[in-house]
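Listed next: structures, encoded as structure tokens.
The same chain A turns up in both complexes below, where it pairs with chain B and then with chain C.
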Partner chain A sequence: MAGNRIEGNAVRAFVLVMLALATCGHAEAGAEYRTVSGGLFISALSLDGARAPVRIAAFAMRATPVTVGDYLAFVHTHPEWRRDRAPDMYAARGYLASWAGPLALGSAIDPQRPVTEVSWFAARAFCASEDARLPAWYQWEYAAAADATRIDARDDPAWSAGILQTLLARTGHAQGKVGEDTANLYGLHDMNTLVWEWVDDYAAMFVNADARDPDQTNLLTLCGGSALAFENRTAYPLMMRVAALSAMRPTDASGNIGFRCVRETGEAP
Partner chain B sequence: MKRTATIAIAIGIVLGISHLPAFAGEHTASVLAAARDPGDIGPPRGAPIEETLVAPPNVPPAIHRDYPARVVVRLETKEIVKEIADGVRYNFWTFNGTVPGPMIRVREGDTVELHLRNDPNSHMAHNIDLHAVMGPGGGAAVSVTPPGHESVFDFKAMRAGLYIYHCATPPVPMHIANGMYGMILVEPQQGLPKADREYYVVQGDFYTTDGYHAPGLQSFDMKKLLLEQPTYVLFNGREGALTGADALTSKVGDSVRLFVGDGGPNLVSSFHVIGQIFDNVNVEGGTLVNHNVQTTLIPAGGAAMVEMRTLVPGTFLLVDHSITRTFMQGALGQLVVKGAAAPDIYKKVSGGPVSSVAVMPEPAAMPVENAAMAEGKRVFGQICAACHQADGTGLPGAFPPLAMSDFLNADPKRAISFVLHGLSGKITVNSTGYESEMPAFASQLNDDEIAHVLTYVLNNFNNKGGTITPAEVKAVRAAGANGR
Partner chain C sequence: MIRQWTLLILLTISVWTGAAQAAADATALPADSVYRSALTLRDQAEGLFTPASLRGHPVIVSMIYASCPEACPLTIDAIKQIRAAVKSRTGHAAPQVVLVSFDPVHDTVQALAGMASMHQLPYPVWRLARPEQGDVRAFAATLGVSYRMRPNGDFSHNIEIVLLDADGRIVASTSKLGTPDPDFVDRVSRISAHTAAASPRLP
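Up next is the complex of A and B:
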């Protein structure tokens, strides 16, 4: 009996600590949005063969990808998104699968790591819970084109090569914590090198009429498809990202795909 | 209704359908198609066969079946760090953890049920395009698989041949350059002629940020890829994958079949085995057979099946005879043949000093006394030639050349210590790095022998000449191993 009581206390203490950690994480890094000033932008993807600049209106973006701690807090307040309750039609097998339990990360998962193993539906629900949404691809790509000093660093081969090398150095390693790299011009961290990130219109990027069935007319999955769709055929980090996203159904979860959210600022571009 | 279902099941049994009733429609279509295409010999029969996958350079066993089967192949894409050369590591992307991925062996007319799993720890999505597939993308379109997922698709092996498979996920050149290729053999219905030994070799070009043999973890270099200037050109994904203890082996009199492919991504291969002639080459992996071939061209994303008989014992080198790649980029394998000598086919004709000296190029430097030179030649043939080869050119990747050696000629006196005390660690000879262990000969050779063999080497093999005296050797010997 005494043993059980100690055990029970330990469990309670653990839960409290985890909650505290999650709450702390939420208060510190979570929901911190930075303004991305708008502008004209030419995407590396030519969605319909046209290489026309698009006008990006100013928006606000989460400074870092959503963390595991953020997401744990979310499933506490939105229990319908616990892994044991979320319906398969919104979050298929693999959703939060490496967590110790529906409300427990386990000791192996640092709450400051970016959350992964979340479906596109789940990511959208999270963003909605903080009055935000997933970024459009153009918004994400525009924000990710900046380095610490330039709005658009994409023409700098050294910058691209650095991203590619950082990505490749991850082979065999899990993600580190969010926010450990140098912020870009807008104060955003981890835009290119930590995890792939869901975007709101990811399904539309792939000439894919039915987002639930990636087997249909998925141009980029064909050998050579990337050569057709990419204006800049040496944008390998972007190609890798798009390939990773295009392999996913919106219900799928992957250990390497996380997300961050955006909000409208109401400012003129 | 009930009656119709019973009849359908009965037909299924007659046709030998052992799978779900839902497949009945597909089977009927296959039967109709058989009338049109000779590659289609009907639906799979018997129980599904789980393909045995073995690591390269090994090959699954020959097929002795006389009916088309359903063959289940399970591949897993894995991103791993391992050595590309001694002391050099690389981020490989692989099928089943090896470069090349395992060889798949099926029979013409078989239905292949291909399972592609992507390791949950992968960072990339992957898929597979098999050149043996007749269908859009060769399977690529239906096999895009995120980490932690599995895709399954069926294809019928309609045409006999040896085919490359590879990942076709963007950026395609990068997935291939990181090692994502292998081969599938579709045996003709009558099978292949028996061979005593079969091996599986795939060439690939690799692009690393630093130069050849630069140590440590090397990253993929996109710029070199675009310029098609590889750092490494390798057989089976690692320098030395087929040399030394891992050399291919044969016995005198045996027939050897090599399933050779070129994964690319960029270079085509001038595949050659030094000291062998290919009796048969299935050109480009197809059914056209050429005979008595010295070097066969293998396209990137292509293959060749070569057969040879090993008649003479010794070491035979697999090379890309676009030969800089063998000497400077690692494209070297070995086929070691054991057995009795065959002097009627190949033998060294021993001769005296006169005839031998006549064969050698004229010494470029001062003449040296003949007796000493003869003694040096004897020692060289008995000891040095075993590694540095009779013509002093060494063995690429293993033993540095003594012929035209910039390392030797730069400071001939240094060589005294190497012969006495041995040499280990990395050296660069004629801009190629070597890192092997030369043994010490201090107890085996006296001062005269060492002086003479070094003088012999310095005045032959297009070296710059010079003399090493017994007194010099004695002095170095007296200084001891620490005095170098």
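Up next is the complex of A and C:
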């Protein structure tokens, strides 16, 4: 009798451990990060002076945008980010608005779709929950410049035209699942055509460098006076992306803006 | 008998303090309070504090970095002018000022103390603070401030001078430097007069 109980407990413990392992394994599989080797990069935006090359250190990036399923798991473990609990300070109206409930997607939303309707604050909290953060704009742009074989495919008009065509064809339709396109050189999916993505320093892209003229400083509001200019005037997909971000306050949630996270790597650039 | 009374009194006091404590905890920060930010700051006098510890009085908050060549000195001047205008209009002291650095790598306590002394900012009316722990970029964003480090080490950033009420809610903000923003001076004056009326000075 006593022996049975001990055996029963042992079995229960074993099952719990296996369950825990299975869950951990699943979480790991859900958040695949790929190494993006570093290098010198000239941004399409002249944020820091015209055509100044920037050194990008190596980093690791989520292979796909964060999915609705990933985000549902996050609000389960971080209930302060449920749509009925997240404070207005961090998530305005529209946050996860198309979900059926605070913890329910409803049948219309495929969990494999990229999560959208998340504020910049919420996206950062998600990334922090997996020891990561939002990419800086330069990191995102650098990773997105690669195609399947080249680190920098931006000079290829056929590549840009392909992105633009895909974007236009998808405009007005709900996003598809993540990871269905051909991965780029680093193994990253959906960099250019599925969804716009939050970047950590997005708001600062639209403010001027240190204010020098006191009379001009009233222009330096969040989305006001901008030092931003496009080096390459034909980079339409990037222009659309930057325009979409420029319209956002960090509490705003948009059906077109998702995110992915990055981590540091130990590797030299 | 005396002992029983003492016990009863002690018991009553402890119950009463417990209740008071519970009541204080129950008055949680409003949903739109920037004091919800989990940030630990250290000021130029080495004092550690959280934004929530500023609760109870209105505060003027702005964000700076010590090596900032132009915009930050202008911001400090603007706040000095605002406080002077409020004092001369209302006769009451203007709110305390908290300047939070977004450059914790360079802005040591010594650097902030140097900045305070250079601009003759008396402590603790002016607290210049560096983030020790927590998410200063998120705190900045709640104030409408954004910044990014440029490759040469200085920052692109915008200026916001923000008036917070006693619970850390944004009452008004201004980006105007040069001459004081009259609307902002109005709002600070009103809140200063109100605060003074609510807690009259003891004779």
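Here, the second predicted complex is superposed on the first by the 217 of 269 C-alpha atoms of A that agree within 3 Å, B and C clash if a C-alpha of one lies under 4 Å from a C-alpha of the other, contacts with A are read in each partner's own complex, and residues count from 1 in each chain.
The criterion applied here is as follows: a residue touches a chain if its C-beta (ideal position, glycine included) is under 8 Å from a C-beta of that chain, and two chains touch if they have at least 3 such contacts.
The shown structure was predicted, so the numbers you read here are calculated from the model rather than taken from an experiment.
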First (chain B), second (chain C), both or neither touched by A:M240: first
Chain B versus chain C as contact partner of A:L167, first or second or both or neither: first
Partner chain in contact with A:M89 - chain B first, chain C second, else both or neither: second
First, second, both or neither for A:A203, with chain B first and chain C second: second
First, second, both or neither for A:F121, with chain B first and chain C second: second
Which of chain B and chain C A:V54 touches, first, second, both or neither: second
Doubly contacted residues of chain A, that is, touched by chain B and again by chain C: 214-215, 218, 220-222, 224
For the chain A and chain B complex, residues of the former touching the latter: 94, 97, 157, 161, 164-165, 167-172, 214-215, 218, 220-226, 230, 234, 236, 239-240, 242-244, 246-248, 252-257
Residues of chain C defined as touching chain A within the complex: 31-34, 36, 68-71, 74, 135, 137-138, 141-142, 144, 146-148, 150-152, 154-159, 175-178
Residues of chain B that touch chain A when the two form their complex: 79-81, 91, 120-125, 127, 129, 136-138, 140-142, 144-149, 168-172, 174, 209, 217, 219-220, 222-223, 226
Partner chain C, residues of chain A touching it in the complex: 47-48, 52, 54-55, 87-90, 120-121, 124, 128, 136, 200-201, 203-212, 214-215, 217-218, 220-222, 224, 227, 250
